[in-house]
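Note that the chains are named A, B, C and D in the order they appear, and that numbering of residues resets to 1 at the start of each chain.
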Amino acid sequence: MTTRLLTSDEIAKHNSATSCWVIVHGKAYDVTAFLPEHPGGSKIILKYAGKDATEEFDPIHPPDTLDKYLDRSKHMGRVDMSTVTVEDKAIDPFETERQEYIKNMPILDQCYNLLDFEAVAKRVMKKTAWAYYSSGADDEITLRDNHSAFQRIWFRPKILVDVEKIDMSTTMLGAKSSIPFYVTATALGKLGHREGEVVLTRAAAKHSVIQMIPTLASCSFDEIVDAKEGAQIQWLQLYVNKNREITKGIVQHAERRGCKALFITVDAPQLGRREKDMRTKFEDSGTSVQSTNGESVDRSQGAARAISSFIDPSLNWKDIPWFRSITNMKLVLKGVQRVEDVIKACEAGVDGVVLSNHGGRQLDTAPSGIEILAATMPILKQKGLDKKIEIFIDGGIRRASDIVKALCLGAKGVGIGRPFLYAMSAYGLPGVDRAMQLLKDEMEMNMRLIGAPTVADLDDTMVDTRAVALHSTAIDDTLSLKAYDPLAAPVFRSKL
Amino acid sequence: MTTRLLTSDEIAKHNSATSCWVIVHGKAYDVTAFLPEHPGGSKIILKYAGKDATEEFDPIHPPDTLDKYLDRSKHMGRVDMSTVTVEDKAIDPFETERQEYIKNMPILDQCYNLLDFEAVAKRVMKKTAWAYYSSGADDEITLRDNHSAFQRIWFRPKILVDVEKIDMSTTMLGAKSSIPFYVTATALGKLGHREGEVVLTRAAAKHSVIQMIPTLASCSFDEIVDAKEGAQIQWLQLYVNKNREITKGIVQHAERRGCKALFITVDAPQLGRREKDMRTKFEDSGTSVQSTNGESVDRSQGAARAISSFIDPSLNWKDIPWFRSITNMKLVLKGVQRVEDVIKACEAGVDGVVLSNHGGRQLDTAPSGIEILAATMPILKQKGLDKKIEIFIDGGIRRASDIVKALCLGAKGVGIGRPFLYAMSAYGLPGVDRAMQLLKDEMEMNMRLIGAPTVADLDDTMVDTRAVALHSTAIDDTLSLKAYDPLAAPVFRSKL
Amino acid sequence: MTTRLLTSDEIAKHNSATSCWVIVHGKAYDVTAFLPEHPGGSKIILKYAGKDATEEFDPIHPPDTLDKYLDRSKHMGRVDMSTVTVEDKAIDPFETERQEYIKNMPILDQCYNLLDFEAVAKRVMKKTAWAYYSSGADDEITLRDNHSAFQRIWFRPKILVDVEKIDMSTTMLGAKSSIPFYVTATALGKLGHREGEVVLTRAAAKHSVIQMIPTLASCSFDEIVDAKEGAQIQWLQLYVNKNREITKGIVQHAERRGCKALFITVDAPQLGRREKDMRTKFEDSGTSVQSTNGESVDRSQGAARAISSFIDPSLNWKDIPWFRSITNMKLVLKGVQRVEDVIKACEAGVDGVVLSNHGGRQLDTAPSGIEILAATMPILKQKGLDKKIEIFIDGGIRRASDIVKALCLGAKGVGIGRPFLYAMSAYGLPGVDRAMQLLKDEMEMNMRLIGAPTVADLDDTMVDTRAVALHSTAIDDTLSLKAYDPLAAPVFRSKL
Amino acid sequence: MTTRLLTSDEIAKHNSATSCWVIVHGKAYDVTAFLPEHPGGSKIILKYAGKDATEEFDPIHPPDTLDKYLDRSKHMGRVDMSTVTVEDKAIDPFETERQEYIKNMPILDQCYNLLDFEAVAKRVMKKTAWAYYSSGADDEITLRDNHSAFQRIWFRPKILVDVEKIDMSTTMLGAKSSIPFYVTATALGKLGHREGEVVLTRAAAKHSVIQMIPTLASCSFDEIVDAKEGAQIQWLQLYVNKNREITKGIVQHAERRGCKALFITVDAPQLGRREKDMRTKFEDSGTSVQSTNGESVDRSQGAARAISSFIDPSLNWKDIPWFRSITNMKLVLKGVQRVEDVIKACEAGVDGVVLSNHGGRQLDTAPSGIEILAATMPILKQKGLDKKIEIFIDGGIRRASDIVKALCLGAKGVGIGRPFLYAMSAYGLPGVDRAMQLLKDEMEMNMRLIGAPTVADLDDTMVDTRAVALHSTAIDDTLSLKAYDPLAAPVFRSKL
């Protein structure tokens, strides 16, 4: 590594697969040898060969990535950034419109509920970031049913209960929380906000709620832990690596850094196909790669596939004892989807399960967490297992009333992911702060209105779940409806 | 209090929190000391500091408010109104459009049903008034399901019954009514019509139906009672004050003035969040309060919150005997939402209950009164309690067929609120008169067509309720649908 | 009656309630004394006082009306029609558009199914005629569910049945029919076609199907019978007059003229409110009658009310034996709506019932005939009554598959009304002819595809009715949806 | 047959029913005597009398048709094609738009699922071809429910199963397949692609999937068999001819050419009415044939009817043994629609059944194959018949998750038809190739996500079918909704 500054011209020479340098945060790196190993494929790197890749690099790689995975010999030295000219990008009409939206953003106080953040974020986020966050599997039926399912559960409120004092605090896996939700793990926080997941850490601290740290964070794990305040509780979400030593390293490091529970993702032996994400990625790089009509080109698969190739699809029940052997953290399976597997989890001695379909991003037409919960708890109670394990759900929660429903049905707490990402992407920390405050306001009111002064007062007589499995709330079959050519009446001979 | 007239200039000096005078109905008041106690917050008063506040004051304060709550020493004297110039308001495009609508209003006879008044009112009411009347809790699912639920109940009409003479009269809590509905309590009547609730009193008199007087009326209680004609029946709706002495005063005064029944609201320990109302309020005062993008500003919460801070959230079953002890009026619980609580109400010895979710304004996804009724009556009958108590419902009634359904299922009568507000707001007394007449016309016809010459002939074999709990009628999840970004088909390269 | 011709000027003098003459088909009539008795109200006549009323008179009065109901002394004589100038009507944009549509009508062969006729008729019919034919009660939920219900019944077709020869003929009340439908009674045929109901008679003759003659026909009863060909079968639909002698006269006359069955309408003690019809009527006469905004004006109630004031609402089960006593025709109750009344009908010894809700024009949210049928037949079978009586249904039939479903469920035949009116209104006799032929083509195919070579082969294992009572097919709550103000997301400050 | 070349002028003389010659592929044919026998009617031929008919002839006649069915004496000889001028066609705005779409087609890699091909094909296919492929019976409710039904079946995925290695191969009727779907028979492949069904043969070969050869192929049977590669498996779909000798010839020829199974179509004793197809055909030939408004003209019935007149509607269960007697191929009934007939099929000793409604093209409101399967398998299991016969389904499959659902419910495999036609029509062989690859990609992922490493691991605990028979997914009643005239609110007097 030279101490003199490199110039743009020197780096620009290494612009091919045979010699490929890129600039990241003012330093040059020789990634030629790494090209075939890049989980996202070599193509995306080659697009930036000889150029500054920082903007693309940042959201999908923790800052310690290059130090960890690229030998020091390939660190080519600091670049004189004054020699690097910013490329004029082709004018993208979507981007122009987005800048207009940003200029005219509603002020934060006009967001009255979690869906409002989503409506704003849709307009002000980068197209690719929005596509990555918002997309779901296949026809996005599960994605939407996750939310819709809550609207098929109806309340049966109690009246004339003294609800002057509302206490919405609870414990989850032995840790206190001011309200029964936690910030669930979501990947690539820097797509939405340049500071990434630490924004969520700070908001969680402010509101005394628990944060689950994602394996696929944009910030490094340590950055997120470092952002913790005082006795703030953090959990670790884990994609299990094919290389168990790496997994062991991550788990034991997390425990040492104070994480209190380990959530092993079990619904993603392979990350799902999210076509909205794939389509956006494609369009992004589309014009240059298409040759002739109908010819096969780059099979870009969106951000999800790019970052997940290390996940072990052979993970199975026999691996569970090993996790017990390497850590004393609470052990939770995230992504359980049928009562039979909840019972197996009890037998395996784990401390909890998250009934979840991964935010509708994995198997389409998998049922929502809340629907699984409604089917699961009666059986657990019958078997006397309902106190042996803590049950969480995630997916589709947008209102405190959704949280109340989950608790009535026996959940210990719920995970909320996307809404905080949207609040962060649109408004930063104040956005997440307000989102959490809105949930607390709603929660206080809902507990009053349902007649439950404490979380312990919520019970299954307070909800009517008869309609939940009927799926009567309409989920449009978007692609199919667009492809369908509706029948027409006889045509008058002249248009009127 | 001086006898000489004050001038605009004198009052204008008191335009801050340290000295705040306002003009109401030609008199000046010093409200400086009152600012921190104002239930709607000091901000809204300060907006009018040193100015005429009459227009804003009127709809949300009964006329005796200042006399009752502001010490005589703060009544600063009459104002020479010729010195007060009317402020030019910024032109509001909504208001311009509204004035056009008003000029072109359909004549009253074109309203053929209660929904027609709503369609007209939506266009001709002030934006904030419309928002206050029409809004519901959260996603307004309950608001809409209240109406929709009736369309999931199907008739089983009898034929070949002599229906020449139809008698739709009935008694409710011992009082006669020409038809089994009453005008239920709704707040802030002057938002819709400058005369307020007395318009409803007059229409009720004309049609021999009962009126329930709201705690949160724009007119004073006595004005409404004074407007009564002859043996006209009135009931009192009560929000229970934290200060029970105030409550006692209100109740006993009502009894002395001839009210026949006391409806204690039990579904509103805290008034619901109604975002449509909040959003409108915000926009109304929005431009001046926003400082920089994303900064926190005034947390205006709409009219509902402003007027309800006195309500006691600790009210509970143990308070019921006390009400029995202070009044001989019939006692009814308004807002019961599950059969268990109807049974408790029987045990508590009250005379009636209203199955109601407060017009969808409190807890969203609470079921409609009619759905609760369909679930409740079979159990009451089984327990022999169906004759021990009178059951009423309200919410969503727009057609006499809705009334018929409620009566078939065992209700003694139904409350109707918003439709009369809309009729009043659009057309005044003639509007309410016509609305009631339309219901009578429909009722006569429906009783003929279902084969029931009297109210006593309506029974539960005449309705099919199998679909009511399935919630198959579609309620759009408006906010969520707007936030959702639908999947797209492949894009052709040039727009066609 | 003078023999010299009257002039326009002479008649024009009698243009008020004190002396009111009108011209009908070239003759003048003094209707002054008749004004208060006119079932449609005096106002509508006064509109034509001193003028030619033929165009308005024709569709809603059989040609023999004036001879029957107006004393000969009031027949003032023939008018010299050359002296009568046709009034310029104000240009109605709807009418201009309609004329354009008529010029550009699709040729008949482009109508491939019964709904196609309706789509054409909607554009080419007079506004008031369309409103009268197409309207239903209240929110038109029953009107639409009548059709929709068939789409909640699914087939269970048999395969490998020899279906080379299809015989779709059947008998109904002992009379042969080439296919199991009959032309049911519908009022005011001349609104759609200047020749009126005889057009349907001719088409029925051509296709060997039975016609039910309506009480409220535009043609006189005898004209319709005179149009009969050979052994063509006709039935009589009867609204029972308060004056039983009139009823007796009608019934016995019909029997003498060869009618084979008497269908007593039992679902219309009062004709329903059809707001689409009322609204159209209003607009038609609207401008002249409105005085000041909000003032009450003429309460025009549409065509239905105008023509039905004679119907006896006291008609009941005790009247049935009397009908048996005055005629030997088969006796059928039209408009039965619950199984209890079908059983009563059996006990009363009638020959048949029509499960019907009067085409959705009477009681809204009454169930469809097909849904009642699905609930009724299992009970009749259980009681051994299914062979004692012939069951018909009507309402919503648009496809031969609908007929097949009714027959599978035990109906002997189905009545079809509006579709033939629409076909007649758009295309005259060739339209009705084609409509019937299309049904036969569909019927032949459907019987082949379901594996039933004859009507007797259709049975209840061939349909799945589990979904019919769930009402899962969506019926928009049109008025309510229009009146509803949807929730909005935060508003960006500048419109983009 | 003359050896000299005929000229355009010579042929043009034979342009009437009395002498009708047409040019096909450069040869002239005298079809005068054949006119009355043409299954599609004489009219369509006469349109090309004296002209070149190749373009119209090709897609709906296998190339050997003229040799087979027209006596050699009617083969009039080669034509000097330089003398034949191409007719200017009237400019069709649809065709102009289509050419624009073709120029701007998305590149193949932008198709991420099977519905994407349909969305592209809709724009780039010839109008008549699209109408023939895409149309269904009557209101196309079954057509759409076929797909929709899959979305009423929800998964119950297993977790923590080792899914590193996924094996999606299976056997069907003893033959191996790389994935449990086959290319089902669809008619008239050349409408979509000039090479016709052999394109599908090649794609099937590449992906090691089975192809079912249609009776009504555009290519000749032998062409399709000739296109086979190596051990590629083909089956024969059979419409049974009234002339059993012809049927026998076809069957035995197929067996000799290596076909492994015979699928006898049993759901089409008559081909269904497909109005979209009929309407398109009409418009195509419309202008010239319409004479005066309302007059009857050519009753063109679309492509389906034209090609199917030979099918024997008398085919029945007694014919099955005869098929056994003439072939040793596996025998399968295609189009079984109720469990009773599956049981009969077992008794008749056939090897398999396809639960199918013929792609929604025959009897509308017949249930989907997947719904029949869900109802059928429990009964077969109860009777011990589930292993005696192989069950297939087809209709509506667009995702590998649909295949997984069918297999969970007991199907051995599924047939896919239209999606491959659309892929072929839009992109040719690469399109079909990609479509199959996408299904494989999805299948691998879905088997991972549901926790089933092999096809044998899929079982009925993995799906929740409770909602399937409720038909809660919305299928718009298109024609009816368009014909319906919605209720209106009161009209303001001036438009705003």
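FYI, a residue touches a chain if its C-beta (ideal position, glycine included) is under 8 Å from a C-beta of that chain, and two chains touch if they have at least 3 such contacts.
Keep in mind that this is a model prediction, so the values were computed, not measured.
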Pair of chains joined by more contacts [C-beta pairs], B-D or A-D: A-D
Remotest chain, chain C as reference, centres from CA atoms: A
Angle (degrees, nearest 5) of the CA superposition of chain B onto chain C: 90
Interface numbering overlap (same over half, different under half) for chain A and chain B: different
Chain centre separation (chain A, chain D; CA means) in Å: 42
Mean-CA-position distance for chain D and chain B (Å): 60
Sites on chain D at which at least two other chains make contact: 105, 110, 112, 115-116, 119, 139, 275, 279, 470, 472, 474, 479, 482-483, 489-491
In the complex, chain A residues that touch chain B: 105, 107-110, 112-113, 115-116, 118-119, 122, 130, 134, 139-140, 144, 147-148, 150-164, 275-276, 279, 283, 398-399, 401, 427-428, 430-431, 434, 441-442, 444-446, 448-450, 461, 464, 466-467, 470, 472-474, 476, 478-479, 482-483
Residue ranges of chain C touching chain B (in the complex, touch as defined): 138-139, 141, 266-270, 272-273, 275, 278-279, 282, 286, 290, 293-299, 312-317, 319-320, 333, 335-338, 340-341, 344, 362-367, 469-472, 474-475, 477, 479-480, 482-491
Chain A residues touching chain C - in the complex, by the definition given at the top: 97, 100-101, 103-106, 110-112, 115-116, 119-120, 123, 472, 474, 489-494, 496
